[in-house]
């Protein structure tokens, strides 16, 4: 079994807050991340898939196809967007990096399975000082 | 003459648009960067100052003080903010990286002169693929 | 289960040597790293914690609190210090990156458990060409 | 058990193609990577070994020796070479990053075992956007 | 005057050699870089342009257009190519990073002038340890 | 005229202090950097040289030779050393990054002139957040 990882990027706005809390309460819990006027990040996404090498082709899967899948199901929906208001698969969720990683996993699992490989992990970096990893359970 | 550079970072939301243009016209000119719901970036800022080494102290200027000045006059006003609506020194300006670099220069020039060194350049990176430099004229 | 990683940095002096060996013997085994006059590094530390997302808050744990814990128990004791002579939790240990990673794990495990998440791994990078990881057993 | 990773680099030419396919068929499957006139990369290799800390020496293994082994068995055979035509351990294999990672594992496993530690993983980065990992099975 | 820099990348094969020298003489002068079977690199290209901010648009020039120009005139001709045999603008030149930077300048100067800004510098990185800059004279 | 830059690295211990000041006074001025027990850094050095391309050889100068010069005159004297006590060319100087950059310039200027090119700049990075540049006057 071999693991191959593809890196993609998206730039987006978001905020951390609960609708049912006041701005003061949100600020108390989420700090500057709760800014009602939004802030944003250059997110970096690493998608790792695993499987056996295809004996005819000599690699795990076509990286251009993998990149297209990640763009179609994830990047195009997130890049230059407001993650709280414009992304169907984040609706009604706290837009934390944790929830983002899990949602990206859910979006990618089926299309990547269809490609003939297995999704192993989703890693989302929010700033150079923190990132989240999700392995599907 | 020696040059010393300090790196700082800020994460913020913004959009490129003109008030007197329709959303369609803005999209035509600025593309996804005109998204009315905002997007955002992890900006990286490099501030370069120059001068003679202080013979008593043995360096150009105290880096912790330089960092505090950059934070007080620039970073604290930009970090986790909406650059279009919340930053006094960007009001009524297109929030391009170019204008951001020039405005940061204008905010820093006096306080850095007061520190006894000369502001040489401001460099602002918006994504890993582009950055702007301004040298004051 | 989700994994979140926080990056912190410290700059410190150290040397590799055994008290009961001569300088020559130490040089033979540890090379330039045994220099009795010390050398130093910009160490980079990644602390990975894991757990379930808090349903009320929407993330695993507050990253600012995690950062404060790492700084209080580790960084403040290591940064701008001599790792051989000034760090209580490294006393009587060879100051290798391996022992540093294990000692950092031991310092962090209880405070991170108290935060309500589980310490997963400690990664310490000494130079851009080598790093150590420890998973607690 | 502690894990230590050493980074090494090599620059090489290669192409993806099958001898029994026409140039057109190869282009259809492998795209620009099938260019009969070759292209190349700055590959980055991370070798991770694991084991117990040697109580006498205070670390897992001597990093300079580990580096020498990687250079002798792998880097010197790959660096500034044509991976398709000049590397004995890649002969008759598709020169994909996947096959490269597995072949590097096979070259390193015995010499690293002889060093008294266990080979844990081989990671090969082809470009900043993709890398392969192999864990030996 | 403001400076904006765009980063692009290309992966290519090359060798350093003179046709009128023997392989031995080429090896003596160029070392492993003269390998007749080629080697390759992930080159990184930074193109810096300068000019005044367009008062209507609020930036120097459209970065997507700048990127398209760089791709059309340079990247598409270099990426996944053999720099010695397949690149018209490198024909009959030693394929050193120096000559590459100068040739890229010559290819870009007119199209970038047509864009309404001035080409300031071309920077080409061959490996993480060396890069060349050319400023046009 | 073309500019070529070579990157080298050294890890060393140092402290900022004046012999004629008390530890208290030194701490007041230099903070944690004055620690009498030393601290250290992974310094990164970029040496930029400039000149005309040698028409016979096709590049500015042999990079391996440039690297050897930097190692012989600078890196071998600094790496794994105590910059305050073990480096002849830093004796009686405050070991600031500024003074280090100037001293490295002075060590390299003659040997690099002998190589047939001109030393353009010396850049020394102390941490990821600060670096010093010196251009010789």
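Which chain is which? They are A, B, C, D, E and F, in the order written, and residues in each are numbered from 1.
The criterion applied here is as follows: a residue touches a chain if its C-beta (ideal position, glycine included) is under 8 Å from a C-beta of that chain, and two chains touch if they have at least 3 such contacts.
Since the structure is predicted, the reported quantities are computational estimates derived from the model, not experimental observations.
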**Study point:** Touching both chain A and chain D (chains)
**Key:** C
Check your understanding: Looking at A-C, A-B or C-F, which pair matches E-F on over half of its contact pairs by residue number?
Key -> A-C
Point to revise | C-F or B-E - the one linked by more C-beta pairs in contact | key: C-F
Check your understanding: Using CA atom averages as chain centres, what separation in Å is found between chain B and chain F?
Key -> 29
Check your understanding: Taking each chain's centre as the mean position of its Cα atoms, how many Å separate chain B from chain D?
Key -> 42
Check your understanding: Going by the touch rule set out above, which residues of chain E reach two or more other chains?
Key -> 128
Check your understanding: Which of line, ring, star, complete and other names the graph you get from chains that touch?
Key -> other
Review point. Pairwise, which chains touch?
Key: A-B, A-C, A-D, B-E, B-F, C-D, C-F, D-E, E-F
Point to revise | Touching residues (chain side chain A, partner chain B) in the complex | key: 9, 11-14, 32-33, 35, 37-42, 79-82, 85-86, 127-128
Exercise for review: Please name which positions on chain C make contact with chain A in the complex.
Suggested key: 1-8, 48, 53, 57-60, 63-64, 67
Exercise for review: Name, in rising order, each residue of chain D that touches chain A in their complex.
Suggested key: 16, 18, 29, 31, 93-94, 96-99, 101-102, 128-135, 137
